[in-house]
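Consider the two complexes below, in which subunit A is the common component and subunit B and subunit C are the respective partners.
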Partner chain A sequence: MGSGLLREGWDAAIPLLELFDIRKDFGEGDVLRGVSLTVEPGEFLTLLGPSGCGKTTLLRVIAGLETPEAGRVLLEGRDITALPPEKRGVNTVFQNYALFPHMNVQRNIAYGLRLRGEKRAAIREQVERMLRLVRLEGYGRRMPSQLSGGQRQRVAIARAVALKPALLLLDEPLGALDLQLRRAMQLELKRIQKDLGVAFVYVTHDQEEAINMSDRIAVMRAGRVEQLGTPEEIYERPATRFAARFIGQTNLIPAEVVEASGHGELTLRAAGVTVPACGGAAVGDKVSVCVRMERVRCGAARPDGFALRARLAETRYAGGFLRSTLEVEGGLTLEAIGQDALGSRVGEECFVWWDPALAPVVPAEDAA
Partner chain B sequence: MRGRGRSAWRPVILTAVLVFLYLPLALVALYSFSESKVAGVMKGFTWDWYAKLTRDGAMGQALRTSLRVAGLSCLVSVPLATLGAIGLAARQSRKARFAKLAGGVRGLVEGVTVLPVMLPEVVLGMSLMAAFSMAGARFGIWTLVTAHTTFCVPYVYLIVKSRLAGLDPQLTEAARDLGAGPARAFWDVTLPLILPAIFSGTLLAVAMSFDDVIISMFVNGAQSTTLPLKIYSSLRAGVTPEINALCTIILGVVCLAVALSQLLRNDKKRGGKPDETDNV
Partner chain C sequence: MKPRRDRTALLAAPMAAWMALFTALPLLYILVISFLQRDETWGVTDILTLDNYRRLLDPIYIKVFTGSIGLAARATLLSLAVGYPFAYAMARAKPKRRAALTLLVVIPFWTSSLMRVYGWMILLQANGPLNTLLLKLGIVELPAKLLYTQGAALLGMVYTLLPFMILPCHTAIERLDPRVTDAARDLGASPAKAFLTVTLPLTMPGIMSGCMLVFVPTMGLYYVYDLLGGGKGAILGRVIHDQMLSARNPPFGAALSVALIALTGAVVALQRRLGGRDIGFF
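Moving on, here comes the complex of A and B:
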């Protein structure tokens, strides 16, 4: 970020795509409010965020289907902000596939190659290769209306990939599929991306999909990138309450820092109890302690060190694991997830604790 | 019980309506094959009246005029209406400030375009006649073509427009994304997909032009009598079997055009011409 000036000199490691402070306004308030990010060659970057946060709009800006009010789009160091979509060399898999209904599968896939003026034989060969890639050999002569949703989606991918773009934009390509097909297609997409070395900018609002597939995730909220990092970074060190809540299942405990060691170890006061956590904060800061549900420990015996008295209020079966509600002394309520029962029965007293090093703090208030 | 009673009546009512609508047409067709010289008497079966028609020079002349007018007015109205529909469906103005104004103008233009459908034909015919005389035009085939174009445009416009409105805008965007310029995307994607609608509109326009009497009455010239006008004027001498035969032919042509038009319009799922070719 902010490397715009440094980039004037020759730079061996030019990022594939750079966005600088992109703004977009359709007339009813800002949809994109200053988005900056970079995509490296061959990277799988996911845009993750709730409905209406501007993911599709951002993809369309990259593809050239929308003109931003402000900001710059650089592809391989070249400013393409003002280029029309056909001159960008970026291809898109649209949210609803957008296959040409009057062309069969072959002609759909060949369309971009034909426009490029490639030789017939080369086109035919490339189409065959693409059909093999998406495992649709023998479907070349079908019309799009004769395909299932998953097959259409694969044709859309083949059509976009056939042009061998350095960057592929995918807008919730698996949105319409059932869970099983979705899982299979996730693997398939990841394989295609690896095989071809194409960089993906991938839109989804499925956090699990994002974590499984991405090299990096951009968590978006209301037209901004709230946090950009590897799935692990976002999971382990969320930057905001929003990011913490959007990925993984988490307890957010409002607290105030009462003691801060120089090494990121914190002691906080929350609802009448004292809890430890980690992160960068100063004494007196109002924060939220982020304790992942699967990291809440519970037992009848008091462990060494930090622990809180609690009562097991409820246990629910949640598909493969159990989810428990714990009422902690001082009025705090925590949710915990575990493989098995927590060792206590509902209504019983127990102790609750967690590893402070795995409980980061985030600012108590998210910036609007 | 009431529901059942009503549903039992339904086919009866339907039949009555259909008989009321189509019996006269059927009778005309029937009598056109009658050997009797008196129209309205059925006797034997003959093609004579049809044969006689083909030898009737005046009728042939009228038929040629009708075809020419229909053809020429389609030639003008179809591209005009198609371009209009495409232009008005084009993307909204980018600047939100102008969106409202643009919307208003769009509505106005569309209203003016489709007005001739609502106007009484007599009024339209009269005003066209007045306009032509004022302009000092010679009444003849060109005034007919102009007038027919006027009332054909709205039909073609409405059909093409509804098709365009049903078109997924992402299809053109996908074409652009794959490297097609705006013109190429239109040619490769939009046009093939609206072609059935354009054909459908053309056929409807042909049908409208071919059977128009009232407007043609105001704007035709001495040397340019269309077929329906010819029939109308020869009716003064009474209904002859030839007229029956002629009406049957017109009926057939118009029915065919309208049926084809409907067929093309319903061909939505395919999205366009089937493309079974395999040569990539």
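Moving on, here comes the complex of A and C:
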């Protein structure tokens, strides 16, 4: 299949990559416990999840470096579950770079191109272009051992991108870079992805990076995809407490549904107070109300409609914004963040409220 | 800082003294007598001569050299062919199996290698277990001549020296990050190509040390050669032994030793040059 760029006569309805119920077990407990997802051509999909949840393992399954115990991997509609990595036309930027220590930067980048049997001049040109792309002009003759961590990481990116695969797997490709270079490389990667029409499956721990760059995010936990959606969907409609906590900063208020309108408007009983929220739940359901910290409103005067009595317990500077702790009637504690100080001073009584339409509910207990 | 360095040098002093006394001095002694004339009855005279070295060029001894090098080369290649895959399996095995494989390599060191060679003699003799098996299976009709052959000698050499091939190869393979090979596969290399372009060059230092550790001692392991090969043909270690002890010609024995040391030195130098180098892309 070579490059895997089977663009001609390509049915637009077929996703680029499909995973069906992938399971992987290294003999000491399940690492992947039934992962299904699809990646569209040219899409930027981010895998987001805590350390050890199986992100790297999932990328290795897609690359063909790990054989799943169950499940199927389809690329452009073709079952490639049993295909060896060199025949998949999928390339990887490895978490630990995995550069060839006995080859200089040029040879590292040229490795895949040479295997493909491309012409010398074309290879040289492509290597130069890649070096410019990752801002390492003039470093071509250095050995990997003579590079900094961030420079190695960029060589790893150049080496994988040089082959122009239809699907590129990136395992925390910017982890070793300082903030400034990281921002710049984020833009570069996004541009590469757009220009070449490459689909990215991208692993990061940085939720801001995930939100800024991704078309869709897969929130992973303990070998499963907990939620798959656009950054906005996950932010506005988290599926679980875990997803709610993993993206953005949020209050989760344990509550029980006492009234459901049928239009998604809910009234709930939480710690001795009644609060409104939105979402699909039935009367009697035990849920958590997800109130984003920046959506907690506070003021000295009681507004029209829903509000709770509270006391401003603490306000602290949190880099560019202020974070406040509010002790609410009935024993609730809420955290709020905002650009300006809340209308009240520390120790003063105030009212808190939020827009119920922006406060979705999630199940009270996350599945194991 | 200077006094401290002097103190570290002190740490090495006992070993240096030991080496000087028991290695450098004897070598010097060998070197000196190799230039002396033999005494008719025993020992050496004080007459300087180059005859001992001239005699090395006698076709008989040239043949001893080439034969010894040939045997050593065959033993080395065979050890590499058997040892490298074993070392690879060992390095990539799960901890439990790795422990078992390591034990297999180490067990032979628990008994004398002479005892183990006698074991092989029993195994290979005309009415030994191996021949009995071959007869029973109908593979041969008369007991095959297994013992006292070049093959048996080679087998004995490989058997005795295999651990010295496996251990350095194992160390090199274990140190190689498997993800580097993964990266090669990911970039389009077949398993064979990935091996040739990544695994092999990166484990070359281990291969080189292993080859040296097998090649060099082969020349001196004459008891294995005698016992299993039946003493046909001659290897260098045997000839030196004979010249020193039976033929009572220490100066010539010394010249042979010097030549052997020079040969060994050349092998080590070669290993140094090859081992440290990037051996190229394809």
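Here is the rule we use: the second predicted complex is superposed on the first by the 356 of 368 C-alpha atoms of A that agree within 3 Å, B and C clash if a C-alpha of one lies under 4 Å from a C-alpha of the other, contacts with A are read in each partner's own complex, and residues count from 1 in each chain.
Quick note on the criterion: a contact is a pair of C-beta atoms (placed from the backbone, for glycine too) under 8 Å apart; a residue touches a chain by one contact, two chains touch by 3 or more.
What you see is a predicted model; the values in this text were computed from it and never measured.
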Return fit or clash for subunit B versus subunit C, each positioned on subunit A through the superposition. clash
Please work out whether A:164 is in contact with subunit B alone, subunit C alone, both, or neither, and reply first, second, both or neither. neither
Between subunit B and subunit C, whom does A:116 touch in the aligned arrangement: first, second, both, or neither? both
With the two structures laid over each other on chain A, which partner does A:124 touch: subunit B (first), subunit C (second), both, or neither? first
After lining up the shared chain so the two structures overlap, which partner does A:91 touch, if you call subunit B first and subunit C second: first, second, both or neither? both
If you stack the two complexes on chain A, which partner ends up touching A:101: first (subunit B), second (subunit C), both, or neither? both
Answer with first, second, both or neither: which of subunit B and subunit C does A:65 touch in the superposed model? both
Could you tell me if A:183 is touching subunit B, subunit C, both of them or neither one (first, second, both, neither)? neither
So in the superposed three-chain picture, is A:33 touching just subunit B, just subunit C, both, or none of them (first/second/both/neither)? neither
By residue count, which of the two partners contacts subunit A more extensively, subunit B or subunit C? B
Which residues of subunit A are in contact with subunit B in one complex and with subunit C in the other? 63-65, 84-86, 90-92, 94, 96, 98-103, 107, 111-112, 114-116, 159-160, 163
Subunit A touches which residues of subunit C in the complex? 177, 179-180, 182-191, 193, 197-198, 201-202, 278, 281-282
In their shared complex, subunit B is touched by residues of subunit A numbered 26-28, 63-65, 67, 84-86, 90-92, 94, 96, 98-104, 106-107, 110-112, 114-116, 120, 123-124, 127, 140-141, 143, 145, 159-160, 163
Can you list the residues on subunit B that touch subunit A in the complex? 94, 96-97, 99, 168, 170-171, 173-182, 184, 188-189, 192-193, 269-278, 280
Enumerate the contact residues on subunit A facing subunit C in the complex. 60, 63-65, 84-86, 90-92, 94, 96, 98-103, 107, 111-112, 114-116, 159-160, 163
